[in-house]
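Presented sequentially are two complexes of chain A, the first with chain B as partner and the second with chain C.
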Partner chain A sequence: MTTLILFNIFNGLIVGAFYALMALGLSLILNLSGVINFAHGGFLALGGYFAYELMRHGFDYWSALLIAPTLVAVLGLVVERLLIRRIYGRDPLYGLLLTFGLAFVLQDATRYFWTAQSVPYQIPGVLASPLSTQFFFLTGYRLFMIAIVAIAVIGLFLILNRTRLGMRIRAGTLDLDTVSALGVNVRLLRNVNFALGIFLAGLAGVLAAGMLGLQPTIGDSLIMPSFVAIIVGGLGSLPGTLLGGLLIGVASGITTVVFPSATEAVMYVMMGLVLLLRPRGLLGEEGRLQ
Partner chain B sequence: MSMKPAFPSMRRRTLLQGIAAIGALQVASPFIIKARADDPIKFGFCDPLTGTYAALGKNEQLGAEYAIDEINAKGGILGRQAQMLVEDSTSGDVGTAVQKTRKLIEKDNCDFILGNVNSAMALALGQTTNELKKLLIVTGGHTDAVTGKDCHWNVFRVCNTTAMETGAIASSLVKNIGKKWYYITADYAFGHTLQSGFENAAGKLGGEKLGADLTPLGTTDFSSYLIKAQAASPDVVIFNLAGDDMVNALKQAVQFGLNSKFALAGAQQELEALEGLPPEARIGSWVVEWYWRQDGVAHLDDFVAGIKKKTGKVPTARTWFGYVAAWTCALAANQEKTLDAIKLAKALEGFKLPPEVALMPNEPTYAAENHQLVGSLFVGEAQASGAVDEDLFKVKEVVAGKNVAPPAGSSGCTLSWPA
Partner chain C sequence: MTGTSMSSERNKQVWNVIVWLLLLTMPYWMPLTGGYTALASRVVVLALAAMALNFLLGFTGILSFGHAAYFGLGAYGVGMTIKYLVPSTGLGIIVGILIGTLAAALIGALIVKLRGVYFAMVTIAFGQVFYFIAFRWNSVTGGDDGLSGWRRVPLDLGFTQIDILGNDKAFYYLVLFCFALSCAAMAFILKSPFGRTLLAIRENERRARFLGIPVERHIWISFVISCFFVSLAGALYALLNNFTDPRALRWDQSGNFVIMAVLGGMRSFWGPLIGAIIFVVLQDYVSTQTEYWMSIIGIFFMAVVLFFPRGVLGMLKRKRAA
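Take a look at the complex of A and B:
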């Protein structure tokens, strides 16, 4: 039993890291632009499908891993420029409605181009098998995923903390009006920030498609844990989002051992508890959640 | 505050005269009656076109549409053309499925209803169509109750019951693989009855249940369930899943290398799922309910070629379900020369599908007792690739449905006919 719980805790950390990757993109957009991007799952699916198409057209997995999220990010730039920009500063309901609709559009588009059926998405043979017989859930691919998540998280934190762009994003998160008054092109800043968030969604899509079936709904079931991760971790806090992702992954893993049919429900229970006991989230800033 | 009439310029007398004139036209004018006779016969199709079961629902739609084309090419139904109205039931929202079915019947005046992949929805559609007295052909909801304790006089089912599916493969698993089984089961009607079917079969064959996990519909990460299953050291892990859940679970099991530790199996596999898996994950022992490669089956090649011409892909069991469902209604209506649901239901009891629709051995027939189509089940193994493209299943045994159907009188179905 102890081994089983330990296995599931470790496995939960792997799954949670993946939730965190998606949640970080969502969090970036939410923090700077105030938009809750319900279409994030749609961009995630596109990341997977772009990679699938690239590999079908002769690109190897490693190139697809870079190119597909970049293509999705470019699409994100366009979507922000044409649609999202129009709802900045308005009631959050506008953003919810717009991105909710966009999620359906993206899902139907993927269904139109690639059908509703899963497509056979292959990962490199070198990553395809478990590293040890006993710890069979530690496959090359899952460790590779963790490495990519770690690189993405470190890269994101370096961008935010060591670059002028990151400094502006962080400043904008706190007080966008002042940043604008200081001469920063806020429109461009939000545009780039949105694309960065979407890049992370695309990257999550390429990674998820190697582990799950690639179908138009792949993002649907991943987006809710990501929102929960943000709320549990705390709005406005990227480290909090990371922590939230890991916590819900572990909680789901442990619940499987004792009460398997509640593995999904447990994260909502966690969210409820956090909202009751510490409404700003574990590492969130006071006043962000109103 | 004064209330203004909605149409201030229209006098009450004018309105009454207009209504009377329209009423008179309905009775007096022969061309309106003729127009009604020319109205198409409507099939209402309510199946998942989005969500986990979208691929399965779309293939059922494709099969039904193909049948409608054939029906029209052969003179239609009662001399009228057939038409199909399609509604997305969603994959999991039973309320939506019921609402869409009501709309198909009450607003669109559909004569027949076809659907649904989701077992819970199939049950709900059965109740709704029973209340509205329309014929329902359940295409692909497998839970036993549809033609068991929740059967209705107006409901007929093309796909097999879960008990028939488990009965078809259980003895082969015990004989060829082992008796210690672990279940990973979708947490709703379909999964529950599949598991209970296996448990009943295992009870008779000396099988042992080492454990079972219920997984929510739409689960993506099966790793924690697989960790539990592995810890129990079973001979076989049985996946009572469908749609995208099956793809996710199998893909992860194979990535973990679990297929080298125990056998993977289940009572229901779909070509849609096998096509969505990478070749190395196309493994395991399964039942498919219809397969596009069979020896010596009349008209099969024409059907496969026709679907392939239309879609570029071979038909799946789901395509066949939709095809049979639509043809069932047309054949009964043309035979009885009526659209009356009660007369058609009576005619379908013991109705044998003609070879050009049956497309399988063992003369598929709707059982009079519970309205379940009893034909053949195909037991075999998934394969990475076959002799030809899309040949992803190796049929090892064709099991006659009548050998695995519950004995007469034990289905739990009591049909109650309207007075």
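Take a look at the complex of A and C:
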């Protein structure tokens, strides 16, 4: 029984790490540009498929892990430049509809190139075997995923807190007009910031494909929980988003043991409670709601 | 009253007459354009949903991206009533509306303090709760396969029966009757002092607050009214198909309602109707033409946002003003 509970908590932690990785990217874009990126799940799927293609063409897993998200991020640069940029400063409605349409296009595109069936996706043998017979769930791949997510998150916070780019992103989140007045190229800043968010989605895709199987709809089951993670954690707070993602992941994991059919519902209950008791979210700043 | 506003008032009346004439005769001219009666019913049902959404979006200035939830609750309400409780179409519709409206009242109370993009995001997320309930609660809702094994029941008016099951046109006129009642009710509310207050909140929330208007309560009531009509639309939609499935309450359905309102023109009363006609006919057409119809719809979404953000009626109005 203890093993079962531990297994599910651990599983929840992994799923939560995915939610967090995706939600951090969404949050970055939302905070600086005010756009909810519905197409995030589509970029996630592309990350998985790019890695799949790279490995088919002779790259090993480790380089695919880095190259695929980078390629997706480059695509993000282009998409932002051609589409997303046009709806900045307009009613949030238009951003939602635009990325909503983009999500459809991305999903159909992956279906067109790689069919709707899931493709065989190999992870290195080193990572696939369990590390201990008693805790069978501790496969190398699962630990590896957590490690990669941790590295990505730490890297993101280092960029945000220690680099000039990160400083500008954080400042722009608070007051974009002032940042612009101080001579920062805000268009470029938003462009790079969007790509940074998309990079995280692509990375989540490469990792998730090894666990969930790779098919065009792989992002669908991850995008809604990411919204919930942002709301629970608090709008405008990246540490909050991280916390929210892990919390709802673990909560779903535990619920799987107790009441399996409520696995998905529990995170929405948490969201309802947070909105009732603390509408700005766990770590959200006051005054962000309007 | 000045001359121009009098002529615009008369213009409005002329348009109203044209709209209703077209709607009343739709089952007769739809086949000429390659459509069929059930498609006409679908247009009117989804137009009702889009107009209900627009009550909130266009006339209160609040963006909900989760209206499919209440649409779907109406659909499951009527389906489950007929399947498990009483074989009565009328009662089923009432139960569907009650369930949808009640859920909206509860969730609305939770989210009414939020604004803008945050409000939209929370409505999307909450919509998913009902999707998962319908998806997971297999034994009652039929899960992913949907709720089948029931049919709409002929209306019994006491002195006569209306065969809405066998007669497509009879069902169309039932739908149109509900649509007309809803339009009248929404137009009446919008003309009332309450409706004017909603417009004031849309135009300048802060000023409305300074005038002592309880803004949150108004938005909550507007949300509930909007969901009332969207549940009715959902109930009618399930009756139209004699079936409903979890996709009726998923977020892409919510997106469809929003695009219909925007496409037609969300500042106009009849805008969502025009949007629904264009969208439903387009979707019906492309889904028979190619397997990749989703991407065509997606491109259509993006084109509307980039090139027609004011919608058809919004553009016409602007042209006339220029």
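Everything that follows uses one rule, which is that the second predicted complex is superposed on the first by the 283 of 290 C-alpha atoms of A that agree within 3 Å, B and C clash if a C-alpha of one lies under 4 Å from a C-alpha of the other, contacts with A are read in each partner's own complex, and residues count from 1 in each chain.
Keep this in mind: contacts are C-beta pairs under 8 Å (C-beta built on N, C-alpha and C of every residue); 3 or more make two chains touch, one makes a residue touch a chain.
Please read all numbers here as calculations on a predicted model, not as lab measurements.
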{"item": "Which superposed partner A:Leu30 touches (first chain B, second chain C, both, neither)", "value": "second"}
{"item": "First, second, both or neither for A:Ser261, with chain B first and chain C second", "value": "both"}
{"item": "First (chain B), second (chain C), both or neither touched by A:Leu212", "value": "first"}
{"item": "Which superposed partner A:Gln122 touches (first chain B, second chain C, both, neither)", "value": "first"}
{"item": "First (chain B), second (chain C), both or neither touched by A:Asn8", "value": "first"}
{"item": "Partner chain in contact with A:Ile198 - chain B first, chain C second, else both or neither", "value": "neither"}
{"item": "First, second, both or neither for A:Arg111, with chain B first and chain C second", "value": "both"}
{"item": "Touched partner set for A:Ala64, first chain B, second chain C, both or neither", "value": "neither"}
{"item": "Chain B versus chain C as contact partner of A:Leu246, first or second or both or neither", "value": "neither"}
{"item": "Residues of chain A that lie at the interface with chain B and also at the interface with chain C", "value": "107, 111, 261, 264"}
{"item": "Chain B-touching residues of chain A, taken from the complex the two chains share", "value": "3-4, 7-8, 11-12, 14-15, 107, 111, 115-123, 128-130, 133, 136-137, 139, 141-142, 208, 211-218, 220-222, 252-253, 256-257, 260-261, 263-264"}
{"item": "Complex interface listing, chain B residues touching chain A", "value": "49-52, 54-55, 57-58, 187, 213-216, 218-221, 223-228, 230-231, 244, 247-248, 251-252, 255-258, 261, 272-273, 275-280"}
{"item": "Chain C residues touching chain A - in the complex, by the definition given at the top", "value": "57, 63, 65, 110-111, 113-118, 120-122, 124-126, 128-129, 132-133, 136-137, 251-252, 255, 258-259, 262, 292, 294-295, 297-302, 304-306, 309"}
{"item": "Touch list for chain A against partner chain C, complex", "value": "30, 34, 36, 83, 86-87, 90-98, 100-105, 107-109, 111-112, 224, 227-228, 230-231, 235, 261-262, 264-265, 268, 271-272, 275-276, 279, 288-290"}
